[in-house]
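Structures follow.
First chain A sits with chain B, and in the next complex the same chain sits with chain C.
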Partner chain A sequence: MYEGIVQSLIDELGRLPGVGPKGAQRIAFHLLATDATDVRRLASVLVEVTERVRFCRICGNVAEEEECRICRDPRRDASVICVVEEPKDIAAIEKIREFRGRYHVLGGAISPIDGIGPDDLRTRELMVRLSDGAVTEVILATNPNLEGEATATYLARLLKPLGLRVTRPASGLPVGGDLEYADEVTLGRAFEGRRLLDV
Partner chain B sequence: MHLTRLALTDFRSYAAAELALGPGVSTLLGANGQGKTNVVEAAGYVSTLGSHRVGTDAPLVRRGAERAILRAAITSAERDSLVEIEINPGRANRARVNRVAVPRPRQVLGVLRTVLFAPEDLALVKGDPDQRRRYLDELLVARAPRFAGVRSDYERVVRQRTALLKSARARTGSRGFGRARPSGPDAAGDPLGDEAASPAGMGLAGALDAWDEHLAVKGAELLAGRLVLTAALRPLLTRSYAAVSGDDVAATITYRQRGSARSEATAGEAADRDEPPAGDPPADRAQLAQGLREALARSRPDELERGVCLVGPHRDDLDLGIGELPSRGYASHGESWSMALALRLSGFELLRADGDDPVLLLDDVFAELDTGRRDRLASLVAGAEQVLVTAAVPEDVPAALQGTRFSVADGAVTHAG
Partner chain C sequence: MAGPAVRDNDTVSLYRDDGIVLRTQKLGEADRIVTILTRRNGRVRAVGKGVRRTKSRFGARLEPFTHVDLLLYTGRSLDVITQAETVRAYGGPLAVDYPRYTSGTAMLETAERFTPVEKEPIIRQFLLLVGGLRALGERVHDPRLVLDAYLLRTLAVAGYAPALDECAVCGTPDPVNTTGSRSFAVPAGGLTCRSCRPPGAASPAVATIALMRSLLRGDWAQADISQARHQVECSGLVAAYVQWHLEHSIRSLRHVEHV
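Up next, the complex of A and B:
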């Protein structure tokens, strides 16, 4: 245990995801040894972020205004919505630079063990967005793990009566990788989803 | 395959112990409480990542130590391997194969294959269904390690679904709200009462549907594996039982799905239960999944009322029979032992038929058996590539299985010729 404020700093840092007690201590002492202006800049960014950043009223992505950059962009295709668990998934998909539709952030996945049901996610907001009939395809890009799959199944059933095209990204072998390094679950999925080579 | 070296660090009673082993029979002798079983348990752990004695890892670590380490050198027809496992109770275990860390300890499964005989095996015949499910699943994983993943995925679906059923039950009180369902959505105390509040009126039923689907798909995969395995064991069990008991009666094994339409039909015709077992349902995954979906739909009211997951391979059982009678409840002590030994022997024969001989571990079983069974078992296993036997006194071990001797005393294992 360290004296008062230093220990409080370590405790606060230790609450961050991916930071253990040792890491928290290391960051704390790094901050103490760093130039005061750098630390102030970090502090002001932290404050600014909490004041300025909010969540897009339409899709739930992080935004600095009422609506996020993607929802405001008239060039984006309003007929396709890609449903993801977290805002960071949007950043990942945006890196493809090919998806021109819009997004919808659920804010997690269904997990009864953690007490998260469909009503704790932004499903209602999604249904509202789909009600005007402008959307023709919904891509369910939740994580390919158990909870993500269950969430996708739930949403697929929910959306079925609307008569939309409901799709899910393929699972399979990583591009540029070696077959021998793929784990058996991924390989099994890849074999299940094999496609006819039309030459 | 066989073990050439087994080293234990802070495992059970051992601060440090190392055994150099060769093919053939090795016998560990020592008074009770000296740590013979711990050695066999260690070998079993390297092969299954679990103990046959306890369900958690904490008791495996020597008192006062933080972690236990097991090292096993294995020689098989294909290659030599060194498996190292660090057991960290309460945290993730770590493993290395040939000095390379593997991302998941699960990946060491299949490197060492063992078949363990222990006094606890009597529970395979006399105990609860979970013992028999575990028997099947361990064999399944030993044959095809990918089933370790299937099994843990399935268990997670069951946990998630159970949590959902429990919370649904808590929300509506313990009234049998599931039964209120047929009376219409506007009935008082309706199970799906939160329908209006949830998007598009799916509510609890919709969330359950999603988990049902995953339970059916993952469950069907596990089920298919178990059914194929049961069919493969059937002829081996009949043969092993005859060989170990010396009796001329047919031992039978049938997989029983609880809650399926099939078993309900059998329960309905309980009077004519003495008809021969109908054999296994087809092991086609799509068909099995459909069967599970239907069973889930049928039992949903019950599940909602009780807050537990009542359908799926986690509720199934193996029916073991001796002649015309089920072994549970009817078999004598001797017959029960013959059945338990026959189950293990069939597992051994099955793994052996897949290729390499698994390592046989016989933990204190001879003391439990009469002379006839003892000698027949000894002659059945004597031809295995490697056998590890533990016994309190040399007289317990049949002459055919003496081999290399180790003496175990005060937490140390010494070569005794």
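Up next, the complex of A and C:
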């Protein structure tokens, strides 16, 4: 529809997740109207990311070196591993500034309907990490949806013979919400996991 | 003087139906495309807006295995879910039991495959799936038996029931007892007599054939006391039979874990 290179830019932008043809066109024309220095900086970052970023050989998190920042940090507690589905889940947990252990990224969740079984995830790598006996607790922080629950169940069964403490983050009501709007599944989980108020 | 223009609302088509959530796919930032097998409208694909956000009012209700009562409006390509109430959540007990979860997933995928046309009412498939999920959640029978019973009956509902009481080719009644044949030919459509046996047909044990009959008829007393080796043989034959007649593989079957 547009002159060669502009159309190529729109086509490439349109391949990004969540960007449709109209959005791609809008971003392309924004880039054309933006200062050339800013565009060059964006382009160089994109190139640098593809060249420098890789996955941590220990936990599977995104890293700029062979091991990620968390795995290299000696102050992190090596006896606790938090298992997550994706590297972006690590960023979410790091925001709470409570967890001082290390992570393990599975690379997804078990979803037989999509053809993803336990062997398609980084479960073998997890078992290798646990084999030296240094880890005492594994937190299964997969998503609180059906696939995440099933993945946690599968892993818990796999870890049981190792005699580790296997835990799962609590599920329940979102802070700031009204009880009357909570769905029965979430509310049921909140009641299951209720705690004693020791005042 | 003409009053303010009032927009015609007749084109907005709202409808209510209940159904089982078969599958969900991520859409955009926080939405999901939800595939539902409904009671009155057959298989429906609809968008659940914002359901991936933790504060979503009905995100948890639109998880696979949930029987939901829905209010939807007809969109241009996909319908949009405006309200959802849980009728029964079958997913909870299944997610904590891995063999049951994998069997249940195979049931959902099969239900989706057997309803290729969207919005074509197919109430028998819907009722069969509800019954199957209920049986799976009640933990009375082995999940492998529940799955095989579901697959055999869904085939029967779709008109592809395997011939177990007569030769699938010539119609000779009871080929096992009358001709001593134990030939089960998937492409032929079930048991065959000796003279109709095609090359490459399986030769299951007589007890395996009896188990298939029990599962198709719902004779759980007999099915529950069957031996594990006959259950394994039955599962293999049923899986091959379903996939042959569907002309499509069911990916979940590869991941079904047996107790």
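The rule we apply is simple: the second predicted complex is superposed on the first by the 194 of 199 C-alpha atoms of A that agree within 3 Å, B and C clash if a C-alpha of one lies under 4 Å from a C-alpha of the other, contacts with A are read in each partner's own complex, and residues count from 1 in each chain.
Quick note on the criterion: a residue touches a chain if its C-beta (ideal position, glycine included) is under 8 Å from a C-beta of that chain, and two chains touch if they have at least 3 such contacts.
If you're wondering where the values come from, they're calculated on a predicted model, not measured in any experiment.
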Superposition on chain A - do chain B and chain C clash or fit: clash
Touching partner for A:I113 - first (chain B), second (chain C), both, neither: both
Touching partner for A:L146 - first (chain B), second (chain C), both, neither: both
Contacts of A:V185 with chain B and chain C, given as first, second, both or neither: both
Which of chain B and chain C A:M127 touches, first, second, both or neither: first
Partner chain(s) touched by A:P174 [first = chain B, second = chain C, both, neither]: second
Touching partner for A:G18 - first (chain B), second (chain C), both, neither: second
Which of chain B and chain C A:R157 touches, first, second, both or neither: both
Partner chain(s) touched by A:A78 [first = chain B, second = chain C, both, neither]: neither
Partner chain in contact with A:I27 - chain B first, chain C second, else both or neither: neither
Stretch of chain B penetrating chain C in the combined three-chain arrangement, among 24-32, 240-248 or 312-320: 312-320
Chain B and chain C contact sites that coincide on chain A, given as residue numbers: 110-113, 115, 117, 146, 149-150, 153-154, 157, 184-185
Chain A - residues contacting chain C, complex: 18, 110-115, 117, 145-146, 149-150, 153-154, 157, 174, 176-177, 181, 183-186
Interfacial residue positions of chain B with respect to chain A in the complex: 145-146, 149, 153, 156-157, 159-164, 167, 194, 197-200, 202-203, 206-207, 209-211, 213-214
Chain C - residues contacting chain A, complex: 23, 28-29, 54-55, 57-61, 63-65, 86, 89, 91-92, 94-98, 101-102, 105-106, 108-109, 251-252, 254-256
Residues of chain A defined as touching chain B within the complex: 110-113, 115, 117-119, 123-124, 126-127, 146-147, 149-151, 153-154, 157-158, 161, 184-185, 188
